[in-house]
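Below: a set of structures, written as structure tokens.
Okay, so subunit A shows up in both of these, paired with subunit B first and subunit C after.
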Partner chain A sequence: MPNGIVDRRRLLQALLLVSVGTAGATPADAEIRVFSHGDSSALREILQALGRRYPRALIYMPDEAPAIKGPSINLAIGPAALRSVLDARRDGPVIALFTSSQAYRQVVADHRPVGSTAPVSAIHAEAPPHHQMELIARIYRRRVSVGVMLSDATAFMASAIQEAAGRAGLDVVLERTSKDAKFSDALFRLKGAQVVLLIPDSSLYTPENVRNLLEATYRRNQAVIGFSLSLVNAGALAAAYSSTEDVLAQLDELMGQLGAGQVPQVHYPRYWRVAFNESVARSLNIALDEAVRLLGQRPGG
Partner chain B sequence: MIVRRRWVSWSISSRLIMIAILPAFVMFLVVTSALYVLSIREVTADVQERGRTTSAVLADSSRYAVVSGNMAELQPLLQQVLARDQSVIAVSVLDARGKLLTSAGDTAGASGTDIFHLSAPILLATLNVDLFSASDTLHTPSSGGARPNDVQVAGYVQLAVSPKNSLSAKRNQIYVSALIVFCATLASGFIGLLLAQRVRRPLLEIVSALRDVRSGTYDVRFSAGINGEPAEIQRIVVEMASSLKAATQSLEAQVKARTVELESALARLHEADSERRRLIAYGHEMVEEERRRIAVEIHDSLNAALISVRLWAADIASKAAEANRATEIESSAERILSTVDVLYASARSLVKQLRPETIDLLGLRGAIEEMVRHYDELHPDCRFELRVSRDFPKLGQHVSITAYRLVQEALSNIVKHSRATIAHVALENDLERCGVRIVVADDGCGFDPHSRFAGIGLIGMRERVASAGGSMTITGNSGAKLIIELPIHDQRDAI
Partner chain C sequence: MTEAFPRKPFTPLCALLATGALIANAAYAQSGSEDLLQEQGFPAVISPARLKQSLADVPASVTVITADTIQKLGITSIVAALQLVPGVQITQATGNDFRVNYHGTNIFNPRRLNVLIDGISVYQPAYARVMWRQLPVSVEDVDRIEVTRGPASAAYGPNSMMAVVNIITKHPNDVEPAMASGMAGSQGSVLATARFGTTWERSSLRLTVETEQDRGYDFQSIIGRDHDSTRSRRLNLRTLSELGDQSQLDLQAAYVEGTNQVPFVVAGQTSFPDQKVRDYYVQAAWTRHFSADHDLSTRVNYANTTFFQPWSSCAPTAALLPQMNALWRANPGYVNAILAGRIPSGGSATDNALAAAALQAIARLGARATQSACGLVNQNLRETRTDIEVQDTYVLSNQLRVVSGFGARTQRGRSDTFFAGTSSNRVYHVFGNVEYKPLKALTLNAGGYLERNSLSGSSFSPRVAANWHVSENQTMRLVVSQGTRTPDLFEETAKWSYAVAAVSPPIDGATSATFYQSAYSKGGLGAEKNLSKEVGYLVNLPAAGMIVDLKVFDDRLSSLISEKLQVSSFAPTNSSSVRLRGAEVQANFELSPAWSGHLTYAYLDNLDPSSLYERAQYSRNSGSLSVTHKLSDGWWYSLAYYGSSGDGLGQAAYGRTDATFGKSFTTAGSRWTASFMIRLLDYRTVSYFRDFGSTAESRYDSRIQMYAQLKASF
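Moving on to the complex of A and B:
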């Protein structure tokens, strides 16, 4: 085993061992295995948080975990780890964390072993459509039109988006496009919408065209609602998102379901919060009150 | 050198005018020239800098249009740039491969030495955003993104700028500025002239006062109301004039006193000289008188005695012929006769030397003829000649004696000093001066009549001439020529 991987693993183990916190609810005899891929500050933060909640959890690289007997719960942190865990045919339920819905569907469709009965669940990374719509409704406090681009990979979200828009009192304009089509044309067709809602779709959005999208919408005085803090920092007006603690709080609940013998469903994050780009808000003449800044649902609240 | 000479010869007014105008004019030229040159450079640099800024801004503004392909949206912006900035000749937007996407302006005319071509890349920086790609290792909605952005070139904005229009506008500004500076120069010169007048007037007064002082007018006055250095100079000039006046008056008094003294001394000198001449003339006269007396004495006494001795000796000789010792007695008597003859001749010569009796017998003309003949016979090495004008008048006794002695002294000097081979004596009537002119010339070695070695004889000749009221001129360069002018009668002849 290369020394680099051993060192990283030891570091992650050490992080878990020194983390002190309230242990989460887990099946008593189930070993919690945490699979991750790569190394980043965000990953370290997640693993630290996991360690605080589940001190007995063990960190593995996806292809390192030895086969063991007995119950285990596999937590796949990120789509790459989920892919590897599924390829490895791990025993026990798999819960995908910090993976977008589109990526989850794609990975599960491509890598879940045929005939496998092991439950695979997830807490998606992005906020559900109704959280985003609620955010838009609270920002504008009136009926506005929301444009959304959907590709074949995200077409499944169309009905949820429309329902969420209806519940929030918003109009929605769905623009079906594909990765082969000209992005600027699809975006141009959304010029009538006052807000553009971004849904995680790697087949549509690339770092190259996101800048153009932000610039084009800015020129048209359109607000962009993103799905991550990085988008807000890049120029989106706002985003509904879930922090690591929010996700792990929901993970506790899933663990409880697993402990009760239930098969947890795939969920969007329940706990969420909002982030705003104050400069964009000022340039779009959008006033943000305190109530909208505190929008969301916190764990335990 | 010529300029300096001309400047030095300028009047105060001209200099003040030049001082008032020239610096301002030079400054006008220098400032205008500097403004022009610096403005040209500034405009050119400014146009280039503005072009770079404009191309960078256009590149940033064109990004969306280049990426989206919506070139129509870019045209108004390009036209606006051309309309707002006259230095921009043409604008072109190209894709990453250099293919022209759109342009505005006179792209065909964008060539020439005064055209600058600027280019700015249209950069596309990929955002560092988490787009939840399936290939990502982690989807963290709460991560803000920290990776540096990747940059790629999406195209280029090319700008052709020319400072021509800006230069034209700048030139107009410079012309206006130059006109303003020129007016300021004129105003400055005018003010300088006005101020110079305040300096000129007192200076001219000072010059006028100095001219008065130079011409001898020392009472100088200046106008009141002048301060500073000109006033000080005026005070100094007044003091100087006053001092000069006092000094001049003192000098004049001294000169006057000295002049009186000198005139008195000169009068005394003339009187002494006149007395000395009178003494000398008297002395000469006494000498002549004495000579005459001696000559008379010798003639009367000695010659008579000698004649008597001769007669007795002749008688003895005749009586001795009759006795036996007759031969001896005859011989002695003959010797006595010859001795007496010699004594008689000597006595006659002495008488002649003491008193030229030929003057009394023949007059001056005859006496000088005899003298010249006598010198000619006695000195065979030198030929003596005489020429007497027909109208040579009869002179008074004292003048005759003076003339005789002068010729005698002159001929004696020729014999003693000149080594001449020929000597001429000329007696002429000087009708203009109512006198006579005596010229004695020789071809000898000549002499310097003003030399202190000229001899007592020459001094005596001058005194004789002066006492007779005449004049004497001597030239001695090659041979000697003595010209004596005498009146026909002197004052002693009138007595």
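Moving on to the complex of A and C:
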């Protein structure tokens, strides 16, 4: 194997080993395999957190893990790792982490081996619609209209979004579009909505059109609720999101289910918190109170 | 100058938290990037340098009228939208003559309110007026109108003495590929607009063409009949191009032409002195984003406005004698005495010699002296303005933001009637504003605008303000500012006389003459001033979707040029003053997506005017109220009332109720909106002050008016 990959693997393994923390619950005797792709500060942070919780976990590049005897649990960090793990037909359950629901569905549909019975589960990366709608309702404290763009890849979320909006006392405007349609036209049709909620959708959002979206909505005094901290930093008003620790706390619970012989289901994050772009909020004349800043559910809370 | 917001963004995006990176990076799966965790996420788009200042931090009271409000209330002109602004006084003297002031005062030539389109003034330099019916923008292209209620000379320079109206047009990216709109209604009103929008690579374009016309009123007392219709055509083009990732170029061009029927200019006219207007504007603005905290904008614009206003007129032949013209220039009292049949006296030897010559010339005419001679006169005028300005926006920290800049402007007026040729001036200016937040609960603004005018010298307009944020949603505001208005070219350099062509019958064989009256400005005028003190309170009530702004103010206007400038009496001085005190309240609410509305009320005291001309337009009480309800299936209705008590000299009260209902629907990929408005006027007649003992009236035949509009977007 090329020296670069060995060195990187050793470095990442070392990160796991030096991490100190309380070990999470795992099925007895199961080897926990962490598959990742690439190298970045974000990935290193995840691996450090994993290492604190699961000191026995081993990290692999997706195509280099040897076949083993005995139980194993495969954690795929990101859609590329998930794709590779499925292609490699790993034994043992696969849990996808830090992958959006849209990407997870697409990868599983395209790469899960036919006839495979190995369980594939996930904790989606983005907050579920009802958390985002709760956030919007708490920001505005009245009935407002929420515009959402959906493509064919995210159309499955329409009913969940409508239900979440209804429960939160909000109106929702769904705009169906496609990657081949003009993004600006779809965005224009949402100009009547007071808030625009972004759903992660790899077929719709590119850096260019996210930039156009943030600029256009800001011009119209429309707030944008994003799906990640990076969008909040870029100019979205707020996002409901889950930190790494939030996701791993829920992973503990899935591990527990596996240990009890249960097959964990696909989940949105249970634990979440909110982030705001205070400057944008102020500029849009949106008053945020302390209660909305503390919105969410923390592990153990 | 744009208002801006000082805070820095979060930590730069090169260090994303895991969740954000992976979710964001998932978006790139289709783009082919497999190494998603290496992606850096989304770059900061709404950077500190580009943030708008919040209402809680703005050092003024501001009214914002959105395009949605304009459509839902059935508003079809920009001047009509201004009736939603507390404290704005509008008198529609004729169909195309609007006298618009903030807090009223002088009705003759309102010129203390600056009007900007995308930051560029359309306040005409030579004659200090705004042609409301020929603004180079269609109401369909208006994204919002921001009115800063109070002196804003510290930011926008002189002529923003009482308030500033900033009309912000739609970004070319924010319009449909195609739109067509038509309106027809009472008084022969017709308005047709077509707009095209497109994008290519990193550019976008918006092109709008429009025609409008209406008959105006049904009767003007000044002529005993009706003659005030308006026809206008306008073309507006705007393109925006991204020049790389750090620069942007905004180009705009507009052309307006039209005809304003004018009922009256002078006694003796034998045809109507209608105006033909032809204006064009070009502007280029280049913005460079050096960093998230630093923007530099350079803007160049050129405006050329032309009025053709010829008419035929008759006068006693004696009034066209050159000897009478010469005597008037020396001693108008002598001419008035001669015309009254008296022998003038009390003047100089030169006056006496000129009077003798005039009397001899009159004697030679014999009986013809009192008979009419007719000819062609005009008030043709071309005004040009070339302006360049550089503005730097720099966010030094979360607490400190500085906007500064400088510029130069050349203004020219060309008219044989008003300037005996050409008059021009050159203006240089520097400005700066600092927004400082020493505490989370306190925002301080301090700024000023220094202008050097080649005709009227230098003027400085400062402003200081403190906004104390009592809580997350309450702010108290204290503002002290000085607004100024520098005299226009006409006030400073007028050489006003009427040449008469095609005189019939000829006088001593001559078919050209000059009317005996003329006026020459002595110059030396200074800027009008408004020292304004304001205490404001802003509360944001999210549960009701309501923002309420209250203000009490005390404005002391001084060095006012109040005189009515006439060719028979032209003596502008800076000798007037008036004190304006009062209170305003403004509430906008959006209870839900279905219910919205607004309320405004203004109370005004016009105190101690040293010239009663400064009380010619004045309403002690004025306001407006509207409610809009959106129903299901695209239906909506709105109800609005506008009223003012009309307490100025010769001024009548005004009130009207507009009921609008409409429906929007989508079919075959296009979106249609149809609406119908019924208007009920409280009074059929508008009256306004012309001079002491003279009030003019314009009248509609009916108190009920109706308008229908259909719009299609593709």
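Keep in mind that, in the parts below, the second predicted complex is superposed on the first by the 301 of 301 C-alpha atoms of A that agree within 3 Å, B and C clash if a C-alpha of one lies under 4 Å from a C-alpha of the other, contacts with A are read in each partner's own complex, and residues count from 1 in each chain.
Going forward, a contact is a pair of C-beta atoms (placed from the backbone, for glycine too) under 8 Å apart; a residue touches a chain by one contact, two chains touch by 3 or more.
Everything numeric here is computed off the predicted structure, so don't read it as measured data.
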Fit or clash between subunit C and subunit B when superposed on subunit A: clash
Chain touching more of subunit A, residue-wise (subunit B, subunit C): C
Touching partner for A:Tyr140 - first (subunit B), second (subunit C), both, neither: second
First (subunit B), second (subunit C), both or neither touched by A:Asp171: second
Which superposed partner A:Ile46 touches (first subunit B, second subunit C, both, neither): both
Touched partner set for A:Lys191, first subunit B, second subunit C, both or neither: second
First, second, both or neither for A:Arg282, with subunit B first and subunit C second: second
Which superposed partner A:Asn212 touches (first subunit B, second subunit C, both, neither): both
Subunit B versus subunit C as contact partner of A:Ser242, first or second or both or neither: both
Location of subunit C clashes with subunit B - one stretch out of 383-391, 617-625, 635-643 or 653-661: 383-391
Residues of subunit A that lie at the interface with subunit B and also at the interface with subunit C: 36-38, 40, 42-43, 46, 77-80, 98-100, 102-103, 106, 125-126, 184, 188, 200, 202, 205-207, 210-212, 214-216, 219, 227-231, 233-234, 241-244
Touch list for subunit A against partner subunit B, complex: 36-38, 40, 42-43, 46, 77-81, 98-100, 102-103, 106-107, 125-127, 182, 184, 188, 200, 202, 205-212, 214-216, 219, 227-231, 233-234, 239, 241-244
Residues of subunit C defined as touching subunit A within the complex: 5, 7-11, 13, 15-31, 34-39, 41-46, 48, 51-57, 66, 68, 143, 171, 173-177, 199, 472-473, 540, 542-545, 547, 590-594
Partner subunit A, residues of subunit B touching it in the complex: 63-64, 67-70, 124-145, 150
Residues of subunit A that touch subunit C when the two form their complex: 36-43, 45-46, 49, 77-80, 98-100, 102-103, 106, 125-126, 139-145, 171, 179, 184-185, 188, 191-192, 194, 200-207, 210-212, 214-216, 218-221, 227-235, 241-244, 247, 277-280, 282-289
